[in-house]
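Pasting the structures in now, so scroll down.
First chain A sits with chain B, and in the next complex the same chain sits with chain C.
What follows is the complex of A and B.
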């Protein structure tokens, strides 16, 4: 029984990896389209620089991160973002509109696993490109090079996996709305906006006013980029708080997603039927 | 000769009205989209202003630009995003489908310029709120920044905005044209979109290396910073001329590149 499942997982992943490698040029471009953290690093590093030059008349506290921390933070944010991207809404919307979902539902494998495997395969294909971009970054700015401690690296890895799980579940909940609406991807567009601004992708949470930061931490978004990125970059974060928040969000999202899926499948009667 | 050119322009204008009339009639079927687009626009604007306020809240000035002046740049950037979602994305994304399915043949056979057909075939009303919001932000912030509304300033500003739209169109069209060779390069427009996000802030806010890159390699400086300078009535003459030159060169380049690419186009079946 369990060896059968293991074989199933291996075959599923193997076939998805083969598919993704076919699309490697496309995936390289997707990886490259995540350059926003580097642009924002350019902007923020100049802001920091001007504090030093001006001598800080009233903004004595500055933004709370020096040039080195900023460089490491934004590189980490780039890497974390690359491995937490989910596109299940788009894949699912296409499958359900084109009627491919019907045969999937007949197979003795819950269709969501197919998307999980596709995402993992895509990340494996993406990894070399991410490594190349990171190498280029250190080539241009060798002073920012660092090696995280094994504990921090392990915690960052775990946090990234959890962040991916959160993003995947969040998107799957929206994907399930495809059972009711033909344009669920429009909702994903709305979700991507707070993800962009509150996750720490364009500005580290340390730069937020305290009230806004506290409010943002009640949403799932900062935990999906800022927390894993600060773990990787060696910044100061509370491990217990971060992991507890992630566990709580997953505990909410997982049953919600499964519930929506069951309701949706019950309602589903193939597109056009 | 003169009359032939005139009637040619009229023919294109009539065609354009038909194209956009049918496209709008079709899109109006999806009214819920309007609500979603309005929400998305509001969210994006609020987020961008928030990020800008984080920088300025610390008492910093971004590259020597005051808060109101930086908001003008953000307004120009919003306006261009709106133009991209109204005209560029809906039209140029269909080129990929045409090449994949071989229907580009039908476009080439039509008795009208193929670049014109591909660039203007449809229009999406969902970018219009963004264009409106961009214009509103520009006007509001420029007045607060003390910009004059003299005819000379207004004319220069309008000319620079036109030039930046022309540059944006050239960039999109150049990438779309590469589809003729590599069918799956549509993602390259995502890379372009990500890089153009740099245009939300004045170019002088970036460190030297990035500034050079965004002026010489990817002309982001001409897209938002130069028009914003013109709106504020403080653009140097040389930059204005350079901007017009870049726009002209871009349009010529994408025209030539399209002609060149078509020489390599052999339809899907042959």
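What follows is the complex of A and C.
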């Protein structure tokens, strides 16, 4: 990467971090609002307790995971979710409706990079709140504390980055529909349902019936949460299958996103800005 | 060689046609109808490097559409267009580095941060190194009389301060062509004057070409030796304001101060009565009859003072826009 591009990345990220820090209270609330995995942990622990061996740390296999595995899985799912959230469709829709897209299109920088920088900056601002929530979790449930091996941590980090890339690209494809429809975010809300159920946020994929689980693995959703979360939690996953699926989805979504962007900008230019 | 060259430039939009009410909504949902709206029709002009050209027209005349075509934001439906040696709609990086578009109602500054942060981003986007960026910011800030405002969040700035900061951001990469769409919109008289003098100064210093639209004719009269008047999508006038004035109303304004008030009917034979307020009277008299009419006024009426001038251009253009038809 040339020094000019490095400087651009640094300055763009710096300005976006400064903007996000202005909204730190809102970002803290967003982080707090992502505690669904902890609620699900409470529910699944009850189920596990009633079907397994009275809810002991290592008791019960009624749902395929013991209490310790469940705790580590849902904490990991929480952390992975926090760093893979994409909101580009909402930001793009607002910029498009407010007319901010026009000045962006007149600068020699593809506008999507601004959204990438904004997401990375938002994640950096969110990180301390996520760490605080995780610390509180371990304070309340010290028996669940663990340190992943460096290999597992590295693989989980890579998987989380790829999961964010997938989610960002998927949302960017929907965002590009703003060139045709003023309310493309409605479609994103529709996608949130399969994301919720098939990604592993509500339940680990191990608890799914085999047929549903096999079908879910043909969608992008399990790779966005379940795979990186299981890697971090020390669960049993196939590295090769997981990374291959992520690479395949990125290979599909990236050209699709770029194609939609080009078509959309052409339409924007033809129909008026 | 012109830096901006438009030939037969046209833009037609396809817009959905919807009748009001529930029935109209249902019909619109089931069988949508469209109609073509010609926003710009076969406009041709050429602008030489360094010129400041005013772009006039009522709301909806096609000014902003033309500006957007010139800056490459939208594609023309027909015609040829070249700006700074580029086809604007291709939006090549070198083209984007040579132009800027400022829209008075839109902003590019980051709302929650001081303008300096946006300026740093712009410097990086346009590949201007830190030292040069600092020098340019100091120079432009000095010209715009901006100081500590650059370190205050944009949301805390007044409209005038914000507009000046927007101009600074838009000009940091020192573009050769400036498209300015209502840059003084909503500003008070002092801020308008400051923006005007800055633009004149910038044009003198860097030889930049400026195409300026403004609803404030003071901006146009102070800055633009040449104006393009667009009306109902077509180019109505390309020349000086004086020529436009002659073309719109081939009259001169005659102001009289009479010794004694007279009824309005007393002026019918001299010209078109504009106003009659006691002893102060304003008449519009055709130029070819001006000498004879003035001589008669002085001979036939008791006149304390008489002044001949051009009617204000605002009134002439306003009348044209109001009438919705061109002479």
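By our rule, the second predicted complex is superposed on the first by the 258 of 273 C-alpha atoms of A that agree within 3 Å, B and C clash if a C-alpha of one lies under 4 Å from a C-alpha of the other, contacts with A are read in each partner's own complex, and residues count from 1 in each chain.
Methods note: a contact is a pair of C-beta atoms (placed from the backbone, for glycine too) under 8 Å apart; a residue touches a chain by one contact, two chains touch by 3 or more.
Here the structure is a predicted model, which means the values were calculated and not measured.
> Report for A:108: first if it touches chain B alone, second if chain C alone, otherwise both or neither.
Only chain C is touched by A:108; chain B is not.
> Looking at A:131, would you say it contacts chain B, chain C, both, or neither? Reply first, second, both or neither.
A:131: touches no partner chain.
> Could you figure out whether chain B or chain C reaches more residues of chain A?
B
> Output check: A:4 vs chain B and chain C. Expected answer is one of first, second, both, neither. What do you get?
Once the two structures are laid over each other on A, A:4 reaches chain C alone.
> Of the two partner chains, chain B (first) and chain C (second), which one does A:190 touch, if any: first, second, both, or neither?
first
> So in the superposed three-chain picture, is A:22 touching just chain B, just chain C, both, or none of them (first/second/both/neither)?
second
> Can you list the residues of chain A that meet both chain B and chain C?
Overlap of chain B and chain C footprints on chain A: residues 23.
> If we count contacts the way the header does, which residues on chain B are in touch with chain A in the complex?
Going by the criterion above, the answer is residues 30, 32-33, 36, 39-40, 43-44, 47, 50-51, 54-55, 57-63, 182, 184-185, 187-188, 190-191, 193-195, 197-198, 201, 205-207, 209-210.
> Residue numbers of chain A touching chain B in their complex, please.
Chain A reaches chain B through residues 23, 25-26, 29-30, 32-36, 39, 42-47, 50-51, 57-59, 61-63, 140, 183, 186-187, 189-190, 193-194, 196-197, 202-203, 207-209, 212.
> Spell out the residues on chain A that touch chain C in their complex, using ranges where they run on.
4, 7-8, 10-12, 14-15, 18-19, 22-23, 99-100, 102-109, 266, 268-273
> List the residues on chain C that touch chain A in their complex, please.
Chain C reaches chain A through residues 13-14, 65, 68, 71-75, 89, 91, 93, 96-97, 99-101, 103, 105-108, 110, 112-113, 117-118, 120-127.
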